[in-house]
Amino acid sequence: MAWDWEFTGRIIPDLLSGLVVTVQATVLGYALALVLGLAVALVRRVPVVGPLLHAVMEFIRCTPLLVQLVFVFTLAPGGISAFTIGFLVLGVHYAAYTAEVYRSGIEGVPPGQWEASRALSLPAHRTWGAVVLPQAVRRVIPALGNYLIAMFKDTPLLFAITVGELMYQASRIGGVYFRYLEAMTLVGLFFLLVSVPSAVLIRRLERRYAAV
Amino acid sequence: MEFFIDRFPLYLSGAGVTLTITLIGAALAFVLAMAVGVLGTMRNPVARGVATFYTETFRGIAALVLMYWMAFAIPQLTPYEFDPMFAAILALGLNIGAYGAEVVRGAVNAVPRAQIEATIALNMSWARRTWSVVLPQAWAQMLPTFGNLVIELMKATAIVSLIGVTDLTRVAQEQRSATGETILAFSSALVMYFVIAQALILGVRLLERRANRRLGRAPEGGSGLLALLRPPPVTATGGGR
Amino acid sequence: MPQSDLLPGGAPGAGGPLIRFDGVVKRFGANTVLDELDFTVDAGERVTLIGPSGSGKTTILRLLMTLEKVTGGVIWVNGEPLSHMRGKGGLVRAGEKHQREVRKRIGMVFQQFNLFPNMTVRQNVTEGPIHSLGVSRDEANQRAEELLDLVGLGEKIDAHPTRLSGGQQQRVAIARALAMRPEILLLDEVTSALDPELVSGVLDVLRGIAESTDITMLCVTHEMHFARDVSHRVLMFDQGKIVEEGPPEQIFGDPREERTRTFLHAVLDHG
């Protein structure tokens, strides 16, 4: 069975609607990962609670996203949509990564900056909000960008919990028509179309923010 | 606890499958990473083009998509059919190998220019220089990121459960269906994944110490088993993805 | 140190100079480092290059070691073009194979030693002979032992280079260069990276080699006493040109050029 162009044309609308869901899940999950990761990085500095939270995050980071997704999906009460569970789990999973990125950024702020803040008797919220975090976040922008791409590439896992994203649409089409070639190839191409330009963009970001 | 003890043999065989796919996939990824990574450092534009094509393609496509493509599109395109396990290992190896190739390329390029000049002064051939000077020195720098990648590979093996391989994830799902004990069934699997990850981290850390000793560097954070258990330094460049 | 067949001799009687720079130009971008440079070195001659930093001395050694490519002109070694090879209708830029052939005659010791940290001292010294020259492992080992004895580090043969002091590392680097039996030895500020108390040990080794062999040496150094003791001829460089040349007694005792005088003044005041 060779490539069928007419069939390809017919399935593209379904795939595109899947792509929209993929992008939505990525954006929401990433926003959660950015905020939650920063919160985790800050709480980690608190005694007792910090190390505990770190252990939890380490556990999340060392176990498969797929299992976490299926686990939470199975446990969750009815009424919460698969999509919501999907982007929440995705966001929490990636928060375990972004927290480490923020941490390294905070540790990378030179000690002199802390000392200068203390010398000026800045209150804690100014030290963090106006001195440390702006510098820390700036230097980790490329690393955070890498995780956006990584997360985008992990969204196909959501199809395992029936979120109607790209992979789900492709495998549904494959199941209905007993033709996987066109749909699966297109999914691969869609991913390449997004991944390759964004990798180029990240490299540009790295050059721009590297010399901070 | 009783749940886990009763089903321990089942989980163990699932973990065995997970570990097998991880190790064979890692071996494939390692070979690809080394070969393509070194290609990427050559001056020949064809070699570099091949390396860029490989890394951009296989980093760009998620391993899950690749695995499905191999498992379902290939039989449609050709008279051949891949064993699911084989498709999974190939997809994971190609995917992680592409990340690894970038690590190898970066580490090789980071070997100081002065070391290359010394090999020229000793009239060494490109092959000899790469084999006996460049790669041994780059090796120590590759290892920490390779460690992250092997964890990513191990986690990604869970996708094989979707095409019918009875790995740890599949065992957990089967046990959940059989018993209805969602929390026990899945947390048992998660704990086993975590244990495998810690074992892999420890293994890579041992390799790192050996590599640094060979370069005459003292291990960071002192010696002894305790130092091995400390969390690894995470760099701002992230987990190799 | 007795004369021995351990150390390489000068060039076989080829007649003519061993090294010839023929209108050599080297530019880095808009910056001209060597400007139409002509000079020759005879077999067995020991030549010291002095001059302010940035005057192109090190570049000359790096060009000879093929670490840099000439922008213009030709470098000849023993009558063979180094940077070029004979091709159709004259000289063409040298390929890797030709360069490896000509490079066999030349060894270099670097300012920062550049020992391989992934190898022991022994492996550092035997790597080149075994894998570039095709010497047998036994022979290379024996020679490594002899050369390390010569530089006073026989007992460190199985040590790791990072465990050695800077002076010891540099002596290993000298042994490593000599193991290749070069006709020409290039010494690029070999004591500049060393703590002051380690300098004399390295210079003594080099003096010994100079006295007991007729290996051709090109030496860039700020150690004027060493230059005076060891060299047959001194070349004073400034801005990519030779300002003055002559025997060390004359250059150091009675420099003719003002530029040489001010340079020596500045160096000796600091030294």
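The letters A, B and C name the chains in turn, as written, and every chain counts its residues from 1.
As a convention for this text, contacts are C-beta pairs under 8 Å (C-beta built on N, C-alpha and C of every residue); 3 or more make two chains touch, one makes a residue touch a chain.
The UniProt protein names, listed by chain, are A = Amino acid ABC transporter membrane protein 2 (PAAT family); B = Amino acid ABC transporter membrane protein 1 (PAAT family); C = Amino acid ABC transporter ATP-binding protein (PAAT family).
Predicted model only: the values in this text are computed from it and were never measured.
Taken as a contact graph, the chains are arranged in an open line, each linked only to its neighbours along the path.
Counting C-beta pairs in contact, the chain pair with the largest number is A-B. Of all chains, the one whose Cα centroid sits at the greatest distance from that of subunit A is C.
Distance between chain centres (mean CA atoms), subunit A to subunit B: 20 Å. Separation between the centroids of subunit B and subunit C, computed from CA atoms only, is 45 Å. Distance between subunit A and subunit C, defined via averaged C-alpha coordinates, is recorded as 56 Å. Those residues of subunit B that touch subunit C in the complex are listed here as 114-115, 117-118, 120-126, 128, 132-133, 136-137, 214-217.
Touching subunit A in their complex are the following residues of subunit B: 56-57, 59-62, 64-66, 68-69, 72-73, 76-77, 151, 155-159, 161-162, 169, 172-173, 176, 182-183, 186-187, 189-190, 193-194, 197-198, 231, 234-239, 241.
Of all the residues in subunit A, the ones that touch subunit B in their complex are 1-2, 58-59, 61-68, 70-71, 74-75, 97, 100-101, 103-105, 108, 139-140, 142-143, 146-147, 149-150, 153-154, 156-157, 160, 167, 170-171, 174, 179-181, 184-185, 187-188, 191-192, 195-196, 199. Chain contact summary for the complex, subunit C toward subunit B: residues 65-67, 96, 100, 103-104, 106-108, 110, 112, 114-119, 127-128, 131-133, 160-163, 176-177, 180.
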